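One chain, chain A, appears in both complexes that follow, with chain B as partner in the first and chain C in the second.
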Partner chain A sequence: MPISIPKENASVADQASLTFESPVLTKPKGGSDSGPTLEDLSGLTKTVIRAEPNAMDPPFGQALAVGDMLLCGQRPGEWLAVGEASDCAAFVDGLDRSGHVSVIDHTHSRAMFRLSGSAAPKVLEKICSLDWSDAMTPTGAVVSASVAKVTCDIARVDSDDGAPAYLIACDRSFGQYLFDAIADAGTEFDLRAL
Partner chain B sequence: MTANRLPAQPGEYIDRSKPISFTWNGEPIQGFEGDTIASALTANGVRVVARSMKYHRPRGYLTNDFWDPNSFVQVGDDPNVRSAHRLAEANMAVEAQNVWPSLERDIRAANGLVSRFLTAGFYYKTFIKPQRLWPAYAKVLSTFAPGGTVDLDTPHRYHDKRYAHPDVVVAGGGPAGMAAALAAADEGASVMLVEHGHQLGGHLLWGDVNDRMLADELRSRVESHDGIEVLLDSTVTGRYDDNWTAIVQRSHPIAVERLIKARAKMLVVAAGLIERPYVFAGNDKPGVMTSGAVRRFVNMYAARPGTRAVVFTSNDDGDAAAEDLARVGIELARVVDARTGGNIVAAKGGAKSVEGVELADGSTVDCDLLVTAVGWTAPTSLLNMSGDRPVYDELAARFFPSRDIDTVLTTGGMAGDGSHEELVAHATATGRLAAGRAAVTTHRLQAATARAAAVSGAEPAWPSDDRSALPRHPQRELFRSTTHGIVDYSEDVGSKDLVAAAKEGYDSVELLKRYTTATMGPSQGKLETVNTVAVLAEARGETIEEVGTTVWRPPYAPITLGALGGRVFEPVRVSSIQPWHEANGVTTILAGQWIRPEHYGDPAAEVRNTRENVGITDVTPLGKLDLQGPDVPKLLSQLYTNKWMKLGVGNVRYGIMCAEDGVVLDDGVTGRLGDEHYLMTTTSSGAGAIWEWAENWLQTEHPEWQVHVTPVTTGFTSINVAGPKSRELVSRLVDDVDLSPEAFAYMQVRTGTVAGVPNCFMWRIGFTGELSFELHVPSGHGLHVWESLLEAGADLGVKAFGLEAQRIMRLEKGHFIVGQDTDGLTKAPSTGMGALIKLDKDDFAGKPELEWALQDQSLPHVVAIQTTDPRIVPEEASQIVRAGTNEILGRITSSRMSPTLNRSICLGQVAPEVAAAGSELTVVLTTGERITARVMEHHAHFDPEGERLRG
Partner chain C sequence: MLLVPCPNCGPRNASDLRYVGEAGPRPDPNTATEAEWRSYLYIEDNPAGLLRETWYCRAGCRRYFVAERDTTSNEFVNSPLPGNKIGGKA
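Here is the complex of A and B:
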């Protein structure tokens, strides 16, 4: 249905596409090219699918690339699809909905950051009590943990060059706080905020 | 001033190319980089550095290491600094502490004159009566408290925290620790090597050329090994269940201290041995030192600790000390060898320095340095914390581990004696064993953890301990001479005190410790425990083994509160509209973790504008749960007290939730968005708890129900648009939803597009009593919609209002707030919501209790209250009492001055006998004044019929 907007608010109607407002409004300066990077990816589409625990791959605790999209088994019977809107929509369209399946758009619910670089595990060590070794949390691993006292979902998805990288998602309202906390933890490793 | 700086020594750790200067009690001190404060002071001829705790006796360095009980000084605003450990820095201001008026003339030394009366328990015995005077006593006694000065204006320093999961933590960086770390790392283990001091090497650092060669070789290998992380100036302060080890890192580029919480698969304890002082008369005179102390001064720092020495030796280390002293030109007045029957009886001389030694043969030898080498204490703390009770071995005159613990291994001096080769071989075997066991644990963890890398093959066998035991060298038992002296230097406890306490009946070592405070000072018993036990054993006529020892508990070494606090994490939550709030003069309030707008300058004006025009408020923290599935109505019926099986699509219903005891848990509205899709709202503070509550019912009681509950609280920015012009305002931004009262009535919900933002939820609900629309907007566009509302409604007089205005309006309307107007005992019937309790339902949470509660005539009632004098607003929590008495009948739970009614309004909980409309109440103000008030007919003070909100 076309939207009719009174004249005085024409500027609103003129917006061909709405600008997504990230919860991260300020980013610390500093860091070096050799240090880890922290990137705000809150604008990525994030879709939660809930179904029977064995309804699809990957299993709980693991991530799987589906085309350009990432699918994370973040809880038993719960998956998070992360990617561009079109990829996520296509994936959802193709879901087998015959059972008890729910699909919830979490794009606006969750802030998401990408922490990457060889020192990234050392940054996480300062704010999260999990074991970030390759044995316990290899690339493709998905965990839920407290990061700087905020409940987060984390997927390790290493960079193409093999450097460790982590997608960290938290409740949107904590976004600025958590971004700052991670950046602060990375100061000693010359972290750069992107 | 540096006349006591020796020529360059082959193993010295000072850098003579980098001189530094600092002050000691205001006087200049010259030193070099690498000096400790103690070595620089000693090289500058300083012998007295502190006063003892109780008797204020002059003290000099005794052990010249971290544990030295006489080493505490004030450095700038940093009190209680261990000067025999802290490295000297240029321009630091070092001062003696706990002295008045000066270190040389400390007037409190007068305590020593009455020392015979100041025995253990003196304060307790003397000042226990009369009890009423204790505050006065405490004030005076506190001036005698030991320690430095804390400047409360000192800026907060940065302390850091880190977690680690190494395969092996090695406590101790001596030869055994290094060898164990290398062996474990060579086997592929990740190793954290923790060394108390500033260099790796342990006792090899102050040893001979062979010692230094071994230290250099091991250190070189360790430092170049990728699998070993070396932590210097760090201490494993505690070992807890499953090898959870706490490590304090005192030197770090970004923090004054860092606490590392390491979950080690294996812990190797290689903490070495600590040289034990000897108990004899005058043993605390400056110039009395252990052999290790003088060897460190001479060999590591080229500092001359005296000019004429007597060495009392019973072992190789004492002999080596004598050789070192002679080598650097310090006159050896006498070597007294305990192995051939020699003994020392008393240190002679003035208070400020030893001047001679009385020997057991009756002779006296002049000297200004008395060196003792009487054996070792094994610092078995980490083993005690692991559950072991070490046992005493008379042959070696020290304690040893009693048994092996699967995940805690001991090596080095704590495990036995031997040559370099024997110690390194034992440590190497220990490191390999640790690595092998860590690998098994890693395999188990990976196999049991969903996210971990896959493991193949069967679990490896748990490696057995086939290490050859280290030999134990004989050491003569030397604890106390024929005279009495100080046992605990930190606490000023002498052997006489211990004997007296034993005679008083404190003859259990644990009781003796607490009564006399022996072993409870900052040395943590490392120097004192064995001597204390030995003196007690002698007093009881028993052996050390029979007396036993105290249990060493964490921390291994004292730890600062700053290190324990670590980094401060205080998560805060904000809505997407926060930037606008901040730019528009908001006063915020912290509600849980949420930073919320309380008001924008004048909450009363915000109320009036909303009542007259239209206001918007940010209610994002409102809890929101997405419910999907065919059995959602069953879940709602279980959680709420009212009925939910027939809620139509697009409709909204209010409900209250109770716990099993009938106490109100939460309230809110739930709307039906589709056939199997609902959105539940909860109170802002209850969002998390109600999610868990719902999941609890689904997962434990009704797993057969097909319902998915997903929290979406901050997925939507929630904006309440309230006021008589709210429909007009919303209509200017919404075109795909019919907003007319007929099509979109009170207690209905619609999905539509607001200001170009699709997928918004619009609710005809509100908390203010006004016609209102609650908009739930995808949060990535929340600020846009907020600003669009303000822009579109400028001609309507739209203004933002904050939490305070909202709370005033809800009170005017008589809406209670769960947790404020109810408490942990308020059952649902008390809230006036009895009609919402449907006992004809099969079941719901709290039903059995509520069946009874509905019949209970004694429950308090939540009622609206107005004071007789409309100008008086009783403070919330003011008591309501029976007139003329102090019998409590209730309390005011909410109160405000109403800008709409221009009078005071309240909600309160009152006893049923005064709950009827018109009942007169007596309210006690916080001033003590009593005022009268009246119970109102309705909860709502304003628009009780609800005409405004229905629009």
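Here is the complex of A and C:
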């Protein structure tokens, strides 16, 4: 008996026409302009590239701006490209495919938030056991860890004004929970959900 | 809290990792007896002292590695090396 393949799995190209819906449906009210901000960026294109560990820059644990796109070395031999769909597609097209390389679009399977502001490290410290000091995780650092018990990939990419900012990505099904958990941890710092 | 030294991620809370078990050589599946397989899968030495064990960095780099721990003090000794999967189930 032939195996039937659902259409959504038949071709990656077909997925380009899917409308993106964020897993974050509700956002807590409150906060102030002086507090940190939490923004839902789940709609950004997220492409995971796997290759030999030294196949390209940046190395594991670091992020690199490639044009308007961000490339994160999130595991040895695994990179996450984050940005607009056209930038990610152009980057993927230009990859050296001579070795063993795999490219998977995670846009619809991962939620992504941006937590920024001078109190952002303090918010993260409440719900993640890593050391969020500037010495251990400066801007450009990429780590994976549990945040409020959810396994997350985190890249620190500070704002233009120098304020700490973190891109936090988790599985889509945890998106609403994690958004609420981060917002809750930020309440005492007057966090504002955008 | 147990701090586990991941060779890729550095010291991590043990809750970020999964304990796989004691690390040891895997017997040759072509020649091992049933008793040897059973011993490999289920029988642990459980020494009081230095023990080589496999950990999986579940929330971090998602790699298996072997670390050496003193079971009487919970201190890790001899920093583990990345890719050292001897006895691991990767």
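The criterion applied here is as follows: the second predicted complex is superposed on the first by the 175 of 194 C-alpha atoms of A that agree within 3 Å, B and C clash if a C-alpha of one lies under 4 Å from a C-alpha of the other, contacts with A are read in each partner's own complex, and residues count from 1 in each chain.
Throughout what follows, a contact is a pair of C-beta atoms (placed from the backbone, for glycine too) under 8 Å apart; a residue touches a chain by one contact, two chains touch by 3 or more.
Keep in mind it's a predicted model, so treat the numbers as computed, not measured.
> Using the superposition described at the top, determine whether chain B or chain C touches more residues of chain A.
Tallying touched residues of chain A, the top partner is B.
> In the superposed arrangement, does A:83 touch chain B (first), chain C (second), both or neither?
Touch status of A:83: no partner.
> Quick check on the superposed pair: does A:60 touch chain B, chain C, both, or neither? Answer first, second, both or neither.
A:60 sits against chain B and chain C alike.
> Looking at A:129, would you say it contacts chain B, chain C, both, or neither? Reply first, second, both or neither.
Once the two structures are laid over each other on A, A:129 reaches both partners.
> With both complexes overlaid on chain A, does A:75 touch chain B (first), chain C (second), both or neither?
Touch status of A:75: second partner only.
> Which partner chains sit in contact with A:23 here, chain B, chain C, both or neither? Use first/second/both/neither.
Touch status of A:23: first partner only.
> Please indicate which partner A:172 is in contact with in the superposed arrangement: first for chain B, second for chain C, both, or neither.
First partner only.
> Touch check for A:145: first (chain B), second (chain C), both, or neither?
A:145 sits against chain C, while chain B stays out of touch.
> Return first, second, both or neither, reflecting whether A:109 touches chain B, chain C, both chains, or no partner chain.
first
> Starting from the residues of chain A touching chain B, keep only those that also touch chain C in the other complex, and list them.
60, 129, 143
> For a test of understanding, state which residues of chain C touch chain A in their complex under the given definition.
So the residues of chain C in touch with chain A come to 8-9, 12-13, 15-16, 58-63, 82.
> Per the contact definition, I'd like the list of chain A residues that touch chain B in the complex.
The contact residues of chain A facing chain B are 1-6, 8-9, 12-13, 15, 18-23, 25, 42-43, 48, 50, 59-62, 100, 102, 104-110, 125-138, 141-143, 148-150, 171-174, 176-178, 181, 187-188.
> If you look only at chain B, which of its residues touch chain A in the complex?
Listed in rising order, the residues of chain B that touch chain A are 160-165, 190, 253-254, 261, 263, 442, 445-446, 449-453, 567, 569-576, 579, 594, 620, 626, 628-630, 706, 708, 710-716, 732-733, 735-736, 753, 755-757, 759, 778-784, 788, 791-792.
> Could you pull out which chain A residues touch chain C in their complex?
Of all residues in chain A, those touching chain C are 60, 75-76, 129, 143-146, 151.
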